[in-house]
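Notes follow the structure.
Per-chain numbering from 1; labels A, B, C and D assigned in written order.
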Amino acid sequence: MYTSKTEIVVRYAETDQMGIVHHSNYPIWYEAARTDFIKSIGMSYSDIEKSGFMLPLLELKSCYKGAAKYEDELIVTTKIKQISFTRITFYYEVYNKNSNILINYGETMHAWTNKELRPLNMKKHAPDIYDLMAKLM
Amino acid sequence: MYTSKTEIVVRYAETDQMGIVHHSNYPIWYEAARTDFIKSIGMSYSDIEKSGFMLPLLELKSCYKGAAKYEDELIVTTKIKQISFTRITFYYEVYNKNSNILINYGETMHAWTNKELRPLNMKKHAPDIYDLMAKLM
Amino acid sequence: MYTSKTEIVVRYAETDQMGIVHHSNYPIWYEAARTDFIKSIGMSYSDIEKSGFMLPLLELKSCYKGAAKYEDELIVTTKIKQISFTRITFYYEVYNKNSNILINYGETMHAWTNKELRPLNMKKHAPDIYDLMAKLM
Amino acid sequence: MYTSKTEIVVRYAETDQMGIVHHSNYPIWYEAARTDFIKSIGMSYSDIEKSGFMLPLLELKSCYKGAAKYEDELIVTTKIKQISFTRITFYYEVYNKNSNILINYGETMHAWTNKELRPLNMKKHAPDIYDLMAKLM
């Protein structure tokens, strides 16, 4: 299964008064990692959107096993967990780069839609994108 | 089951280039709603933290059924879904205030910890807080 | 000079590891206050955008005199400081609601543009909006 | 004058419904760039905080000359503009990496304080940090 890797350095603004990264930043890192994943297979999510396709989120799950701190260097790995003609699920793991400890994992399920956010069948409307993604599972 | 209500007005900064609220804002609204929930039962999360107890997140789930837009007025309802001596799970629903349509629901599972983020038994260390919360389930 | 008031309750996600609100949130609160200002004079910024006019930011200044903390109740006051056919500057003050202490003030200068972010003359393209705003200075 | 360079790739979450980066992200990028600046001179802001010194923001100015879009690669340059025993001002420029066009510049003035956010004289309390910074101006 194809896996991409994204490096994140924790920003001060991402911490909260607990002294650790606020949990709302992980979905944002997943998204940055997803962007890299798509880029690493020779496409770009910007171009996909320009072609009239969107990937709005349907479901998000995130499990917090450890904490990240300001200036920590992290690795986010990204895979496709599931793909159908109408939906795609990505799976992520977030590691501390130095300790190699898994601090978070999660997944995001997306619908393929048009610009008006109406669901569409990717196999029909963009078979090249669908086929490329499906091969990576 | 006790339910609190929180009103949110969508901020411009919360939108993304899809023209709708970015999904990473829902966990932040859950948190604002959780703050209100605790306040509505006569406590304050600030005071709980000052007493030396923290509620770091262990798991987050969020389901996106519809979109929210800039300036939309939303209602977030909050309940306790589950509580044990060491964990507490809140459940949230996000409605569009005008249409009354459910646009999102989700839950957050938290550990009770001390300031060093070590798990502790609330029944033992803060029975008053535990009992008050447990009654609301 | 017409002044609107907006109430903000500090969210946990808005704090950082210094234990106070991260400075990047003040511009977001200014924007929420600006939305309220426009609403309070009988318009809505959503409608202005739908009519094809945008108000992108040209300049931001913010002065931090004190700190805000989680759950603090704040008041943001908003005024129009300057207006011309092509630009508009808003001025904001942020007070702690309980102590009435000024913790921050700032201003944002905006251009009037079309959807493609090209500058336009409001007196010419939307004299009603311009006149209403100009009267409030 | 010593200048550090930081690379930023625009995240989807940083865009707004105007289709460009929301202005509140620039101060966050300044901060990431400031972190890199301090690291590039052989210190770390994490360590400075651990030694008991803080750099809370007193003033922020930001000028928006152009727009950044999702997936744009940006360069943020950072310099020390001014330094005294009690204050330090950083200056930033944000460029589009491909076009080399300046899209934003700004500055942040900070106070040197202790953990309780009380101002202190760096020349007296941390002459090594002060001297290292002052040399870079």
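The working rule: contacts are C-beta pairs under 8 Å (C-beta built on N, C-alpha and C of every residue); 3 or more make two chains touch, one makes a residue touch a chain.
Fair warning: this is a prediction, and the values are worked out from it, not measured in the lab.
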Which one of the chains is farthest from chain D, going by Cα centres?
B
With contacts defined as at the top, give the pair, B-C or B-D, that has more of them.
B-C
From the C-alpha centre of chain B to that of chain C, how far is it in Å?
28
Roughly how many whole angstrom separate the Cα centroids of chain C and chain D?
24
Find the geometric centre of each of chain B and chain D from their Cα atoms only, then give the gap between the two centres in Å, rounded to an integer.
33
Contacts with two or more other chains, residues of chain D listed in rising order
12-13, 17-18, 20, 24, 27-28, 31, 70
In the complex, chain C residues that touch chain A
12-13, 15-20, 22, 24, 70
Residues of chain C touching chain B in the complex
9, 11-13, 27-28, 31-32, 35, 39, 44-46, 69-71
Residue numbers of chain B touching chain A in their complex, please.
17-18, 20, 23-25, 27-28, 31, 49, 54, 56-64, 67, 106, 117
